[in-house]
Amino acid sequence: MKLGRVVGNVVATRKDERLVGHKLLVIQVLRPEAGRQFTAADEKDGFVVAVDLVGAGLGETVLFCSGSSARASAAEGASPIDAAIVGIIDDIDVNLEAR
Amino acid sequence: MKLGRVVGNVVATRKDERLVGHKLLVIQVLRPEAGRQFTAADEKDGFVVAVDLVGAGLGETVLFCSGSSARASAAEGASPIDAAIVGIIDDIDVNLEAR
Amino acid sequence: MKLGRVVGNVVATRKDERLVGHKLLVIQVLRPEAGRQFTAADEKDGFVVAVDLVGAGLGETVLFCSGSSARASAAEGASPIDAAIVGIIDDIDVNLEAR
Amino acid sequence: MKLGRVVGNVVATRKDERLVGHKLLVIQVLRPEAGRQFTAADEKDGFVVAVDLVGAGLGETVLFCSGSSARASAAEGASPIDAAIVGIIDDIDVNLEAR
Amino acid sequence: MKLGRVVGNVVATRKDERLVGHKLLVIQVLRPEAGRQFTAADEKDGFVVAVDLVGAGLGETVLFCSGSSARASAAEGASPIDAAIVGIIDDIDVNLEAR
């Protein structure tokens, strides 16, 4: 899984019917720094559109999964989903010097 | 899922029979900027050829999925498809300062 | 799917028996430019070894898929295949200014 | 699989119920150098949040897997897991000049 | 599939039981150059730990697969394996000017 921040949403009227009913949120991928800080990723891959399985809101730090884990978790059967928000981060503690 | 723009199409007469009947579109990956702007990705990975599940046209901003989500959504059984357009973006709102 | 050019082949006498009978081709990933031009990718990820499902030859521009789509398309059951050539490109038209 | 070091943990009270009971650890991806040395990855992709299947602790060097391998290993049925720690490294020996 | 060179091995006494009996080798990803030459990848992603399905030895040039192809090939049922060596390269011929 990866960490990210919810930075927006997308509206798509014409879409695969299996996406109907799913909230589509734009996530900016974050990388953890020491302690409780994050740096926003700046690369192209720094953004993902994910369905929301946990009721995340704009600005929240979230945990999301990708690939078949997102597909299988978000819906039964074939679904055109490859990213899903699966947790809202309350706290993180990172110690890059840990040995 | 990722955001992209339809920038072209490919013609392949000789192809796996399971691709017959699928429109193959070239997508340039986009990264969202603040508000409703996008920047075109400039990397090699900035282009994908996807099948079209929603009737997308040249120049439209689309949502596409990758991997097994695309494979399972585009066809039943084994299919040689790893990217599929699954939505046409009407609107996007991104606030990179959201907390 | 991605676009690539067949630039070579590999010979492996000792290999998983589920690869026997598959032609293994080296593909250089291409990124489309405006019109019908391509630029060869220069990164490490710019090369893939793929099985050939469509009879591709050296120097041809091809469409290939990756991951479980390649695995499922190339063989029934478990196969150690994660990339497969699934089309030979006759024509491509890209307009990066399309809106 | 990849090598990494456990550098922290995340707390998520609101999460997909299929994550309940799993310890969520932050892993910094490592790349091996000659002998028994490692360099910490510095890229955005240098961090992953993984569930722990082997009782890993802060500072330990671990082996983790990604994608459907992590999903299928960590739980039966659909699970929103795409990374899992599956080994604790006792020793590594790398010889970059090996021919 | 990708090309790589076996540059080492890892020892993990504590590991998921489904890894027991598998040899874990460190692979440095290679990119082919013209003719029969290779360049070692220098990126973080330039190293993978793979199980060995073909009896590869230190210094050998190998073919490896990733993701569900490796998982399904290496073992029946759920296995925490996302990379597997599936061939030993005897010869490679690359012509980057092929058209």
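Remarks
The first chain written gets the first letter, and so on, giving A, B, C, D and E; residue counts start at 1 in each chain.
Definition applied: a residue touches a chain if its C-beta (ideal position, glycine included) is under 8 Å from a C-beta of that chain, and two chains touch if they have at least 3 such contacts.
Note that this is a predicted model, so its numbers are computed, not measured.
Separation of chain C from chain D in touch steps, taking the shortest path, is 2. Where the sister copies chain B and chain C meet, the same residue numbers recur on both sides for under half of the interface positions. Its C-alpha atoms superposed on chain E, chain B is turned by 145 degrees; the angle is given in steps of 5.
Separating the centre of chain A from that of chain B, both taken as means of CA atoms, is a distance of 19 Å.
Computed centre separation for the pair chain B/chain D is 30 angstrom, with centres defined by C-alpha atoms. For chain D, the set of residues touching two or more other chains reads 45-46, 67-68, 70.
Chain-to-chain contact here is organised cyclically: the chains close a single ring, every chain touching exactly two others.
Ring order, beginning with chain D and continuing to chain E: D, E, C, B, A. By the touch criterion stated above, chain C contacts chain B in their complex at residues 1-3, 29, 31-32, 41-43, 45-46, 53-55, 63, 65-70, 72-73, 76, 84, 86-96, 98-99.
The part of chain D that touches chain A in the complex is made up of residues 5-16, 18-19, 24, 26, 28, 40, 44-50, 58-59, 67-68, 70-71, 77-83.
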